[in-house]
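Quick notes on the structure that follows.
A, B, C and D are the chain letters, set down in written order, and residue numbers restart from 1 in every chain.
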Amino acid sequence: MSSGGESIEKFRSLSPAEFFYRNREIAGFSNPSRALYQTVRELVENSLDACDNHGILPTVRITVFPENTKENHYRVTVSDNGIGIPPRYVPQAFGKVLFGSKYKLRQTRGTFGLGAKMAILYGQITTGKPVEVRTSPKGSQYSYFFKIMIDIEKNEPIVMERRIMKRKSKRHGTTVSVVVEGDWSRARSRILEYIKRTAMGVPYATITIITPEKEAYKYSRVIRKMPPPPREVKPHPRGVDIEMLKAIIASTKSSTLKDMLKNAFQSIGKKSAEILLEEAGIDPNKDPRKLTLDEITALVSSMRKYNKYRPPRTDALSPLGKDIIEAGLKGVLKPEFAYAVTRKPSSYSGHPFIVEVGVAYGGEVPLSPDKGPILYRFANKIPLLYDEGSDVCWKVVSDANFNWRQYNVKLPDRIAVLVHICSTKIPYKGVGKESIADVPEIEREVRNAVKEAARHLRLYLSKKIRAEEEKRKIMTLVKYVPEVARSLSILSKPPASDGNPVDYESIKSVLMKIIERRARKIDGLNIDLRELIIDVG
Amino acid sequence: MSSGGESIEKFRSLSPAEFFYRNREIAGFSNPSRALYQTVRELVENSLDACDNHGILPTVRITVFPENTKENHYRVTVSDNGIGIPPRYVPQAFGKVLFGSKYKLRQTRGTFGLGAKMAILYGQITTGKPVEVRTSPKGSQYSYFFKIMIDIEKNEPIVMERRIMKRKSKRHGTTVSVVVEGDWSRARSRILEYIKRTAMGVPYATITIITPEKEAYKYSRVIRKMPPPPREVKPHPRGVDIEMLKAIIASTKSSTLKDMLKNAFQSIGKKSAEILLEEAGIDPNKDPRKLTLDEITALVSSMRKYNKYRPPRTDALSPLGKDIIEAGLKGVLKPEFAYAVTRKPSSYSGHPFIVEVGVAYGGEVPLSPDKGPILYRFANKIPLLYDEGSDVCWKVVSDANFNWRQYNVKLPDRIAVLVHICSTKIPYKGVGKESIADVPEIEREVRNAVKEAARHLRLYLSKKIRAEEEKRKIMTLVKYVPEVARSLSILSKPPASDGNPVDYESIKSVLMKIIERRARKIDGLNIDLRELIIDVG
Amino acid sequence: MTYPGIDEIDYKQRLEAAKKLHEAFNKTIEELMRGKSPKLIIPKRTLSNTIYDPERKLLLLGPAKLKRSFTDVNEAKRFMQTVLMARILYESLLNNEYPTIRDLYYRGKYSITYMDLRDRRKKSENTWEEQKESDAAIRDIEVFTGLLREDMLVLSKEKGKLVGRIKLRSGGDVIDASKMGHGAYALESTPDLIDILEVDAEYVLVVEKDAVFQQLHRIKFWDKHKAILITSAGQPDRATRRFVRRLNEEFGLPVYILTDADPYGWYIYSVFKVGSITLSYESERLATPQARFIGVMMTDILTKEEMRNVLARMKNLRKRNLEDILNILRNKPYIDSKERRNVIIKAKEADIKRAEQLKGYTWFKSFRWRLELEAFLRYKIKVEIEALASKGLRFLAEKYIPEKIETGDCID
Amino acid sequence: MTYPGIDEIDYKQRLEAAKKLHEAFNKTIEELMRGKSPKLIIPKRTLSNTIYDPERKLLLLGPAKLKRSFTDVNEAKRFMQTVLMARILYESLLNNEYPTIRDLYYRGKYSITYMDLRDRRKKSENTWEEQKESDAAIRDIEVFTGLLREDMLVLSKEKGKLVGRIKLRSGGDVIDASKMGHGAYALESTPDLIDILEVDAEYVLVVEKDAVFQQLHRIKFWDKHKAILITSAGQPDRATRRFVRRLNEEFGLPVYILTDADPYGWYIYSVFKVGSITLSYESERLATPQARFIGVMMTDILTKEEMRNVLARMKNLRKRNLEDILNILRNKPYIDSKERRNVIIKAKEADIKRAEQLKGYTWFKSFRWRLELEAFLRYKIKVEIEALASKGLRFLAEKYIPEKIETGDCID
């Protein structure tokens, strides 16, 4: 076909690895400082997922060592005691972009199957060094060692070395080691802050980092309670879209639409399936494979509008829970009051999510800014450090949008809010995973959770205020008794000394009796008020 | 191999279409309002590229019409008079993610081969409607019409309809039409602002938008001068990385390293090739295919450190140029002074870029904020509207980082700065393409460009101030002459009326002579100063 | 009571005041000793209980009372402060002291020490922090007992000066205010203890500004025009007001007030005439309802054209008012528009607010006052007495003041 | 010159002043008419040209002069303002006016209209905007001609009052200041025109505060202690200062100054004694170098323990100083530490800054003044005269003042 024009475009296809290699900034690898931080982060999060998703109390050890000082190359090594990786998957898991274990409906820290590969890709581009992986899968008798590089054009792994070793101990886990060009001096405080906050959100883990200066920072496990590991679940119908329904139809084994809906989705039973199909005007017994595009569109529309589903199943999610959050806040911030809320599950676009909020007040909590409380954001247990201002959580808790005065809090005050959002899919604003997008469903849940926690705070504060108030009133009277008695006593003496003056003690005594009458109405006040008086000199 | 553990991970691969379908937020499709804006934007930018990259003065027409009011579906249609698309490429260009014409070293507006496909993907998910494309390639006698959907799992196009028509007129170009779920009322002002700024940066285009309310906004071409279209070029050696060099080695036809360097890179001649290889300690006549990984690493290192290359070729770039920028600023802002700078090309990570800066001052320029001048950002002729605060350009021009006082500007003032960065690859912070990352090379160029423009502004301002100053001095004396003459005249009369008073006119006349003596030294001042006096009443 | 400085009149006054103080509080004490919670019933000094009596042309306290109960926690501190102040005043009277209000503040100020119920710690609180508080206590006692502070021999800073054909007896001396040279007689704090022996004058001219007073005195204005010249040197103090009142009340002398043409000057006039709004209980003895405002007036400087603009703003004008206007404007403006440019001062936001307030007061609702205020609000300008001096002192003394008194161009 | 109010003395003064003014400016005019750019050579009134003369114990203007040339664009406006003010003063003198400085401001203020060279539009500019500017012009003329404003019959607001055994002649009247009843004699603006006829007193007591003056007067302190009692009612005006100076100079009366113990009070003392720092050219006639500070002193209220702390801060103490201390502290503190708690006021930041400044002045560098200032800076507290009243008026009149005078516990 066509065409003799002098300036015809040339078209070609691009592998995912090549795409991300060319656009590494969008995943946070924009400069040596940021890249080093991002590398640590991606590897640590993979390690934590390999542990707590499988009921293992995590022990993670990070080292950042200089590899080639002249060229600013650093070796980042992260070891965990996780479940390990089946050796047949290792090459692809580390050498093929968009390959991984996280593409399903279950809460994990990493989401894009991209992070670790970006670190490897970046290391390979900047230092030419392969990634080194040593893994000891749980239950296996062997340890496996790999050196892998990525064929960027083909998006395929190149295994440069592979070894198998018989293992003596039962210790399992994975160690990943990459060499990247980095800028430690500028990344240092970022990385240490990240590790500290991570430890705050995962108080059941032990995390150690050893820096190029050979300093070790260790955060030891403070509780042994763990959130239940998440499980994979079927999608929730409220978040269905046309594309998803088409995929389900293509793979279903059900012979009627009704059955298909029941089998493919959570929260749909016989009855609701019938209602949905009636709404869409489709025969419930129709063969799913015979649906027209218009029928699919109608069915999606009715599934999204129906509002009597059971809430999404929480099995896929792993919230921290009230106890862990409150323990974390108390341990780190030492407040006079702490309260946490775990909301019921909800969903957006078919992804279930749970919002958890903790509020810490008073005590040693640092003073907040004027514009809002101190905010600690977590997404699937990951601390979010940057771009706070554009995060939906900040939008909710900032003073401009949340009426803190209504809860007896006048900013700035000693108040901190922790928000944890867990979901099978966190809607990040960018691949850098630093802020969460304004999804209305999430915004509403965060607001309700903050309100609920703030109500408990208000209750605490107003009780405290009332008790103080009553005592203050009594004191107000008692303290003035001596002067009033003295003055009235002096005024009672007529100028031309006839008449009948009243002495100080008598007046004082009458005044005290009047006050005691009043004080008796207050319960819990059992003290001789006279002891409070210090007579006038 | 492995392994009877109870909780083994399942691994699988993901197609790029599926990846972006799941993560559409990162490309800016996070909600109906944002998605509608992003859809318009992606299609308009593709249209402009199809014109001015090929020397065609662009005429672009956009319509946004309601398609299904109940479900908030809008049809967005964008037509251009561009070069058209060869029909054999149409299905993949619109139905396969990461396929396109833009994966080469040449400045284009779109970069990721992703934008239009994301709009199509989003439309398909939310409305189930295919994209409709009508294209009339330049020089062909036919028009082609397609309806295409994307097979997301396979990342392949599904052509639902295909027609060929014999064409009468010679008019060429492409019309793309998608139906998406949108929120026009919230996206309206964003979209109109985007169109306005686009027109500001491309004053040689005619752009029309027709809104759902049937209002038409038309920006007509104001000049016919166009920037020269960019051409594809070889990479610059300063931005080489290990991966790139490996790819070049794999495909080179040269038999010696020296030849390979000369052929594969711009700015390398015989001499510099020899120097580079000597630095890396490699025989210039070695067969490239026999290089070890260590040698490759050494060569990359020496290529990146060498600092005597000719600057990168500008053929791949299409800067607007001083004239177009100044015309744009003057036309839109009506300033009393405007000056623009086009810097010499530079490069970062192997990508050439050019920075252009225009400064507009005084006149009808609106008052800037305290924190910095009004900033108009363009990247490859695209206006950037959002996330200004995190953009490298804001970092450079904000008062905190740029000493405006040194240039006689005290903020707030009537000052605007336009920054245009063009490059074969703009380092955006996110796929949303709203802000540019802090790449040191770019930051330095922007700062130098702003400094250069600001120096011309300072020159203008200080000349203006000096001339005014001289005149002011003369006025200062002249205006006080009447009162001084009167007072001295009255004081000259003794109290006991003997003595010799001096009259008003005589004193005035002497004073004026003294001033005229002084004024004669100022050139260009040719006026009888007496005319300026208004005598005391 | 053996100090040589004690004079008979002061001593008599002391005894009388002390008796009243004792009696006023003794009732409360007696009730208390019968076991009742102690309280003071005090006339309210609030704005809402300040009433303008159009008959007597005075601001007076209305009938509202407040009950200051010791057992009301919101009132306890003020109760304590009130009895504390009463005691100090009582003691001063009995000890032949002449305290100032600042003295009283110091004498009553000390730290009350007590044990706090809440944390069982020793704490302390001052009886009062600022003189504002002790001053309020003095005022409470004034309205509670009906004794003014002067009656209790409290002295205060006095700025009022006097010259003219008048003879007084004070503290045993006879003073002839027409024999003060270029200086003047400075008034005392207790003008009720002055004997006015002889008055040979036709009116009293009160001048807001001390320097203008001196200028008029220097050219013996009072001698030529048979006037008593008084200056309040700004906001009038109580003694000056009381003395002016006595001259008017006891000798029937007309009183003319000369101030700047601005809300501040008008308010000075208002204080002389009806009393201070915040201290209305004093008015009965301090205010001079017959006092009249002689200038400077807005109408003195506005052109006929401008006056028409002002009239256009005013509603409900009667025909008689319009005739008045023609009459008023006969000799005006005193300052032509060219001179004026240099003597007018732009009104500030606060001035305008103040004028809006004045507009609301009954005694500023007469036609002539409305004219002044509307003129001010229309043109937003102020004029000082000194502005007339741009035409020379003789203009003020020989034309402006006499002409106004003669033609009756004064505002009541 | 036919106005009846003109008196002989004033008229003579006018002619003399007018002649001086004319002569001073006529030199400039003559030079100008010879084609020279006009200029005025004026003694500099800057701080750096203010010199303390330790011999005469006075602040005086130094020898530096400034050349105010009309053709210097930075000086042109001030040149215009200076000759404008000279003209107005000259005219006032010749017209028998008694202007105030506010009058002069108004008389000289008008809009200069001119055509602007730059845009050929009519523009205008006021001769001066604020009185600050016209006041500066008056001062320039004072130093330029050697005439003080009083010499030019410029009147000003006067706050000074006087009682005691003294007879004066002013404006033809004879005034006996011991016959003022409870009131007082208010001083005039031109004290050099007063004839002091007879003085039967042993010293002059100047009291900063009017109310304290009234208290002392009320108990006839001046009679019992043969004193002349004067109040400056705050910062002293020029007439009060000149009159005090005359009493000291012409009659050899010791002068004692009684102020609050704070930098503001000390500065008042300093103005009486050596003159104002910003207006040092007046000192030669207005200051009283012999005046002594009688109190309130920091050393009046500090305990011996506290005094030791203060001494520890002071370097270069000689043995004699230490003996002095013991002597000073013999009768002190006058106020015990419990009373003190309620009468001391915490110093503000501005007070401390001011005290640091005072420390730098030569006349505050004597041992006794260093003691006061260091005590203030160490404890950062202020004490008012009224604080002594917490011990009763009699304490002040019968113990504090007499004892200090007798024992010589005053600061020079």
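Rule of thumb we're sticking to: a contact is a pair of C-beta atoms (placed from the backbone, for glycine too) under 8 Å apart; a residue touches a chain by one contact, two chains touch by 3 or more.
If you're wondering where the values come from, they're calculated on a predicted model, not measured in any experiment.
Distance between chain centres (mean CA atoms), chain A to chain D: 72 Å. Put simply, the C-alpha centre of chain C and that of chain D have 30 angstrom between them. Note: centroid distance chain A to chain C, computed from Cα atoms, is 69 Å.
Across the assembly, chain B contributes no residue that touches 2 or more other chains. Under the contact definition stated at the top, not a single residue of chain D touches 2 or more other chains.
The touch graph of these protein chains is a ring, one cycle where each chain has exactly two neighbours.
Pairwise, the chains that make contact are A-B, A-C, B-D, C-D. Of all residues in chain A, those touching chain C in their complex are 468, 471-480, 482-484, 486-488, 490-496, 502, 506-507, 510-511, 513-515, 518, 525, 527, 529, 531-534. Chain C makes touch with chain A in their complex at residues 15, 18-19, 21-22, 25-26, 28-29, 32-33, 35, 37-38, 70-71, 73, 76-77, 79-80, 83-84, 86-87, 90-91, 93-94, 112-118, 122, 125, 127. Within the complex formed with chain B, the residues of chain A that make contact are 1-16, 19, 21-23, 25-26, 30-31, 53-55, 71, 83-89, 92-93, 96, 98-101, 103-104, 111-113, 124-128, 137-140, 152-153, 229, 241-243, 247, 293, 296-297, 300-301, 387, 390, 425, 427-432, 437-440. Per the touch definition, chain D reaches chain C in the complex via residues 3-6, 10, 95, 97-100, 102-103, 105-107, 109-111, 126, 155-159, 161, 168-175, 179-190, 193-194, 209-212, 214-215, 218-221, 224, 233, 341-343, 384, 386-387, 389-390, 392-394.
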